[in-house]
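Each chain gets a letter, A, B, C, D, E, F, G and H, in the order it is written, and its residues are counted from 1.
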Amino acid sequence: MDQERLNHLLHSVAEGETSIEEASNLIKKLPYEDIDFAHIDHHRSLRKGFPEVIFGLGKTAPQIIGIMEKMIPQESVILVTRVDAEKAEKIIPAFTDAVYDPEAKMILLGEQKPTPNAKGDILVISAGTSDIPVAKEAHLTAQAMGNKVEALYDVGVAGIHRLFAHQDLIQKAAILIVVAGMEGALPSVVAGMVCRPVIAVPTSIGYGTSLGGLTALFAMLNSCSSNVAVVNIDNGFGAGYMAATINRK
Amino acid sequence: MDQERLNHLLHSVAEGETSIEEASNLIKKLPYEDIDFAHIDHHRSLRKGFPEVIFGLGKTAPQIIGIMEKMIPQESVILVTRVDAEKAEKIIPAFTDAVYDPEAKMILLGEQKPTPNAKGDILVISAGTSDIPVAKEAHLTAQAMGNKVEALYDVGVAGIHRLFAHQDLIQKAAILIVVAGMEGALPSVVAGMVCRPVIAVPTSIGYGTSLGGLTALFAMLNSCSSNVAVVNIDNGFGAGYMAATINRK
Amino acid sequence: MDQERLNHLLHSVAEGETSIEEASNLIKKLPYEDIDFAHIDHHRSLRKGFPEVIFGLGKTAPQIIGIMEKMIPQESVILVTRVDAEKAEKIIPAFTDAVYDPEAKMILLGEQKPTPNAKGDILVISAGTSDIPVAKEAHLTAQAMGNKVEALYDVGVAGIHRLFAHQDLIQKAAILIVVAGMEGALPSVVAGMVCRPVIAVPTSIGYGTSLGGLTALFAMLNSCSSNVAVVNIDNGFGAGYMAATINRK
Amino acid sequence: MDQERLNHLLHSVAEGETSIEEASNLIKKLPYEDIDFAHIDHHRSLRKGFPEVIFGLGKTAPQIIGIMEKMIPQESVILVTRVDAEKAEKIIPAFTDAVYDPEAKMILLGEQKPTPNAKGDILVISAGTSDIPVAKEAHLTAQAMGNKVEALYDVGVAGIHRLFAHQDLIQKAAILIVVAGMEGALPSVVAGMVCRPVIAVPTSIGYGTSLGGLTALFAMLNSCSSNVAVVNIDNGFGAGYMAATINRK
Amino acid sequence: MDQERLNHLLHSVAEGETSIEEASNLIKKLPYEDIDFAHIDHHRSLRKGFPEVIFGLGKTAPQIIGIMEKMIPQESVILVTRVDAEKAEKIIPAFTDAVYDPEAKMILLGEQKPTPNAKGDILVISAGTSDIPVAKEAHLTAQAMGNKVEALYDVGVAGIHRLFAHQDLIQKAAILIVVAGMEGALPSVVAGMVCRPVIAVPTSIGYGTSLGGLTALFAMLNSCSSNVAVVNIDNGFGAGYMAATINRK
Amino acid sequence: MDQERLNHLLHSVAEGETSIEEASNLIKKLPYEDIDFAHIDHHRSLRKGFPEVIFGLGKTAPQIIGIMEKMIPQESVILVTRVDAEKAEKIIPAFTDAVYDPEAKMILLGEQKPTPNAKGDILVISAGTSDIPVAKEAHLTAQAMGNKVEALYDVGVAGIHRLFAHQDLIQKAAILIVVAGMEGALPSVVAGMVCRPVIAVPTSIGYGTSLGGLTALFAMLNSCSSNVAVVNIDNGFGAGYMAATINRK
Amino acid sequence: MDQERLNHLLHSVAEGETSIEEASNLIKKLPYEDIDFAHIDHHRSLRKGFPEVIFGLGKTAPQIIGIMEKMIPQESVILVTRVDAEKAEKIIPAFTDAVYDPEAKMILLGEQKPTPNAKGDILVISAGTSDIPVAKEAHLTAQAMGNKVEALYDVGVAGIHRLFAHQDLIQKAAILIVVAGMEGALPSVVAGMVCRPVIAVPTSIGYGTSLGGLTALFAMLNSCSSNVAVVNIDNGFGAGYMAATINRK
Amino acid sequence: MDQERLNHLLHSVAEGETSIEEASNLIKKLPYEDIDFAHIDHHRSLRKGFPEVIFGLGKTAPQIIGIMEKMIPQESVILVTRVDAEKAEKIIPAFTDAVYDPEAKMILLGEQKPTPNAKGDILVISAGTSDIPVAKEAHLTAQAMGNKVEALYDVGVAGIHRLFAHQDLIQKAAILIVVAGMEGALPSVVAGMVCRPVIAVPTSIGYGTSLGGLTALFAMLNSCSSNVAVVNIDNGFGAGYMAATINRK
């Protein structure tokens, strides 16, 4: 129930068109409907800028298809994350416009208008080739949310000169997403080069003391650069979403 | 905002005494006012059965005195936990009826009527002498909340026969709080002897692999008895509070 | 050996019908027979209210069938937990009345009379769709133990208003089981809304820093609400059992 | 060396005023001077919007005074973090305009012009009274960096209704910093209520399984809301800095 | 080279039967041969009491057969641990007398004479049915090393009375091996009942906070009974070997 | 209640001297009296061979004096562990025969007769000078329990030749206690040299990755020698007690 | 851009052949071109002494073949690590000279000239048979990098005399790589015997408290010998590479 | 015992000058005498190049003075590490030539001749000002062992250009020691710039997720550069010692 509908109802009470009992009953449900309404409103504003997302892991192909079908009437863009190739093959044929990205393991459906008055472009940087799937998830998520996204892959700190070859790209980004596994040092180095917000994404890439990404995570949280905040291990989607949230005017 | 007040408001809209804008504004805030109202009610019911609690750690004596003074008009019983003797000496003289228990490191003020229709008595069992402060915190909390509480201290699993000497006490308890550090085995053993709920409290007592109580905690969560649930390490207050909550009709 | 049998024996000694040696031998075994006897009695009282439970994980279908067959003459209700669909298919046909719940991965056999004088209904709340199997295990266990159980699924803290839409259900529950993975925040929020005991169940749902459920577990143990106690990760059965234990008069 | 100075040098080479050898020597040093130059430029842009910061922990009062004295000619605002009261007493008298905040344990010197074209206001929310020092550090940092900052303290998830009483404040913030220890649930709940970026700050407040803030940290990284990114435990300064970075046009 | 052979050599030098050069050459190798000799001697004394053991995990069937074939001429008893049924099927036919125990996952070859002057019998106690494979490994190892071993399985602490039913067996054991997973409480309880050495074996049985056996291990190391020492998680072989070492006069 | 007393009671029932009711009441208490009786007997056997021990940590000097005074009439030897020098100074004057060992931080009172028919001598080996306090605790405990104990200190694995210089001492020990911090390698090396039981004691000596002794503990549990069992970190007392238990015929 | 080219450019500016704008643009890019140039030079020196390495894990056979084909024109030696037998079978036929080592799981292509003026030979020592694959990886890497490498396998600390039998080999090595799992004690013992640098490699061999190699790693970092440095768990390649780096004049 | 002495002994046996028993006893001890001899030789070579080191932590001033006095006749250089200023003040006056470095917390006594034929200079790089004490410990140790050592402090990865300003120094070092706390990224970056061995030293500097240096340690072990090996947290001495060991011809 929005402002307009509420005013309309009160008007009709004032006009005697609606009885007090009737109005009271409608309004009595308002608290939760209103919260719901707030939620719906919130959702609507989200829908304007942001697609809906389904976490695909642990869901069957039919379950994902079912959820997607219920969403299509309401959403302009739908993302499904963490879908392996085998599962994707069963889902894609069910929707004319669905596209599967095998690297990011994401399904995308529909198209997003660019965010109006965005701060600028988002740049996704990743350290090693094995980090690319997570970087791609961030990339596609931010893009699907209406952002212009550029990518700079495979520029780990062991060959720091590779970063400098791309100074221009790095300096002109409004927001940077930096993806790294193993020692997780890249976000610190990049954040030291720019004065823009850096979203750091640790990946579970590595072995031994990489501890499934915890080492990269902890290193990033200890960054000596202060323009860094961190998301969960392998959470490319979250990084893309956060960057898109920041990029909105 | 209750039904009556809402009807009154709508009436006044119908009568033209309240403008639509004014009414709309009042109703817009309804969801959270209603929650607040529920909250106050909830608080009132709490006050009937349960004392207010101040976590004393990290608060200065004057701070605690200040909070207590603000509470006295509203509360019949006040508990302050984790107060060392030195700090207590500064607080106690400020209140005629305040009592300090040096073992439990708690200050109690006021008196609680017995919980009506309680399930029965609460029994606090502890494994070692070093666990007694935590056990005492549980004991005094549950007692302050209107329960009859009995205590059975220093009956660790290394002399399991000591438990059996108190079968009667153990069997007749409605709820049991079992406090243990080190290997944390006592709750499992006790829970295997009764069919009543057991609240297990791990303590930070021990050294080396006791890991500050984590070992006792994990052991209790792995109990092969199913009538056990666990609270945080050294959280005697929480165990007493939970037991009192269960004991209420 | 109960009082009556002991008196009878002593009588027959007094009457000279039983020799001192014979009596001495019988009484010498008394300690452990008595404990056993207590145990049997204890068991009997359990059987009245509570079903027997088989932990299915790591047992073969024939092993489970064997144990169930031995139990049937003695038990009115039998639960088997952690049985996957494939294994269940081999077990179910062996018993006329056995039912398999694929979500909870439980087999149930027999029927339980409602707990007399129960405190009230048990409400199972879960945060995400992935937490439902654990929630269902808690639900079916408490139900099999003679309780009326209600369920409220998929009301995670990221959309806190969804909880409020069910205030009535939440406020009228006598005991609440709250199941959550990832950040494990739901039990704190729910416990802050009620003055009833809350059994919190962390699940292993999540990735990266969820650490297989440890993060949810630790968060729940750190709850700023005091009417919360916690069971092991994914231990829906234990939560249901504990709630049923609490609910008994 | 900027563009202008380089052109000037080349001109004077073309004019024969500077020998090739001389020019070569000047330009040979360019790479690192240039990087340095980039750095200086970078610094200058930083200085425009951002103050310099001294991490006070482990530094003596004379050391801090020395560093501050060297900075004063170049910086318009100087922050010193993690300074206890005793140390501050020795530092403050050395500077006419230095101010010490005993809660945030920060020294501030100088004044900052408001960030032009900022996205909006920053709101700092904290869960418990013990979290306030960290919240204050975030608050003062963001403020010193030219932002309008509002504060909402002591609104933990165990009394979720307290949050709702401040819906207006929460909804109108451009960026939110949410500070919480213990179970670390507040950022998830707040992020679920808004569509703005949330910077989550775990604190080391708690005991037992709070694990010095790791539990809150992990919980925040597992947030089921996607508009959340996290900084290090107790890193109020970093959160304020990151929020200010985001808030800049 | 033993004392006798060395004396014989020196004699023959004294008698002029062996040249100094020849003797020198033999003795020159003595340091490492002697160490080797010590090793061989050590081995021989081991062989008198103890069988040779092959850790089967990660070795192929042909590799195990090869090692066994080389050992047969020198050893009276051969043990192979951690052999799954499939691998065992390929090994057993290669040796006339080899026996496979599918529970303990061990292959045994040959027969051991009883340890002379042993302290007494070894008793293996295990907590749950799932702990039996580890208990069996301990049992068969100690037995193969010439000890009389008794077993008491499935006597966990949740039904402590089951232990008491076997007081006689427990009291008469010279050395006790106690195997338990989950909360690992059984060794503490048993050690409190006897004044004999208890070797505690944690198992990886459990889920959630059992942490793959670490919880049981830490609990056992924190035992409040002092006559307990612990071996690695699931190390039934080590416990059997240690008990046999202790049992030797 | 022993056999004799039971026969006497039954006799007096047969003779009509004791009423059935009276006899019944006496026998009803038998289970736990019997366990108690067993316990007393058990205690008596302990007292014959083993001293009583007070864990001094966290107890005040008056508390320790009080406990010691109650024990003196019943015990021939009393040990107090973990007593710092300052506390010891207050305790020692209270007892004529009490002796304080400042390295082991133990108080000893009274004298123990040698264990009859002991397996042999106990040898305590320690790796570094910092491990000596723990080694001394083991030494004095085993000695106080009636054993002949020898010591070999400061023979760490970084100078493995130092061990070999003491081959004789090592080879003739019946039981070895090996104390080591840091990498905890010494027990493995020593156990590889002997065929006797080795009790390994990790110490909290070290820094960085010594993790307060956990690294040494884990290394010892992973020993590739099988004649090793381990006690808790810094638990010299437990090692001495376990060695003495093993050494008893 | 080297000195010569810069002088040439300035000359042509002086001569009016190059415009100031053109020259300015070329020089502006100098910083990063120079770094790049340094990098190329650096690479060239690398190529002279060191082979290129492909981390095979997680790459498909076609991917590896593709990378190898691109490298062949530029590299004299190519290493591929972590290639299982199945994958190797698909890669080997694609290259005439490629060789697969099934133990080290490495593919080698091409031949390396010996390092000129090397410090000496590298010795690889491993503790158990299960550690051999990691040892082999170190061995082949160092060898492929032009070093003379010797191997000493299966000389664990539980039979320390086996080490002494190879004193000569150990004493004459210029650099030692010591590979060990489980308790990780071998590097300490070896480093105590020599005055040469020891590279320690922990392996993930072990179970229970070996914690996937963390225990061996921590033990090695706590080595009481100071001539030890450590690489990641199972990182045989890194150890071989580091040893070769050290061995270069 | 060398060849000559053995021949001499056998001769005297052949001549009847030495009895067989006597000879036998001498030869029996041969293995360990020989090891001892090797050891003495080993020690001598150590003394030539390397100073003796006393770990000062936990030792009293008189204890340290005592050890130093015993060493002076035998050693040309003595190092004492981890000595705080207060303790140093008591030690320094006892020796004419002893020097105390308050940053490195080391005492140095005597002078070392330069390592002949050293590979080159050692460069110590540290990330933050707080890491300097550890860097200084490495610096002074390597210097005291006869090396030329240069230092480059405060060049953390957040301002990566600072490193490039010192390319010359970095490129010409024969061995690099890189000291860093917090995210521990510096060694990876430096090692990517050089083809020389890098010894990485994690420090315990940082808070929250720095986990007392474990994060830096794990990050360094996960370095994507292969010419890196790591020592224990804060182990500046070990790094200096290892670098000196490598630098020796």
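A few remarks follow.
We take it that a residue touches a chain if its C-beta (ideal position, glycine included) is under 8 Å from a C-beta of that chain, and two chains touch if they have at least 3 such contacts.
None of these values were measured; they are calculated from a predicted model.
Think of each touching pair as a link: the shortest run of links from chain D to chain H has 1 of them. Taking only C-alpha atoms, you rotate chain A by 175 degrees to land it on chain H; that is to the nearest 5.
Its interface matching that of E-F in over half of the contact pairs by residue number, A-D stands out among D-H, B-D or A-D. Farthest from chain D, judged by the mean position of CA atoms in each chain, is E. Two copies of one sequence, chain B and chain F, touch each other mainly through non-matching residues, since under half of the numbers at the interface are common to both.
A straight line joining the Cα centres of chain F and chain H is 39 Å long. Centre-to-centre, using mean CA coordinates, chain D is 56 Å away from chain F. In terms of their C-alpha centroids, the spacing between chain A and chain F amounts to 61 Å.
Residue positions 31, 35, 38, 159, 164, 167, 193, 208-209, 214, 217, 221-222, 232-233, 235 of chain G are each in touch with at least two other chains. Contacting chain pairs (ordered by label): A-B, A-C, A-D, A-G, A-H, B-C, B-D, B-E, B-F, C-D, C-E, C-F, D-G, D-H, E-F, E-G, E-H, F-G, F-H, G-H. For chain C in complex with chain B, the touching residues are 35, 38, 42, 45-46, 49-50, 53, 119, 164, 167, 193-197, 199, 217, 221-222, 226-233, 235, 237-239, 241-242, 245-246, 249. Note for the complex: chain D touches chain B at residues 130, 159, 161, 164-165, 167, 207-209. Contacts from chain D toward chain G in the complex involve residues 3, 6-7, 10-11, 13-14, 16, 20, 23-24, 27-28, 30-32, 34-35, 38.
Residues 127-128, 156-160, 182-185, 188-189, 191-193, 206, 208-211, 214-225 of chain A are the ones that touch chain H when the two sit in their complex. Residue ranges of chain G in contact with chain A, taken from their complex: 31-32, 35-36, 38-39, 57-58, 202, 204, 212-214, 217, 232-235.
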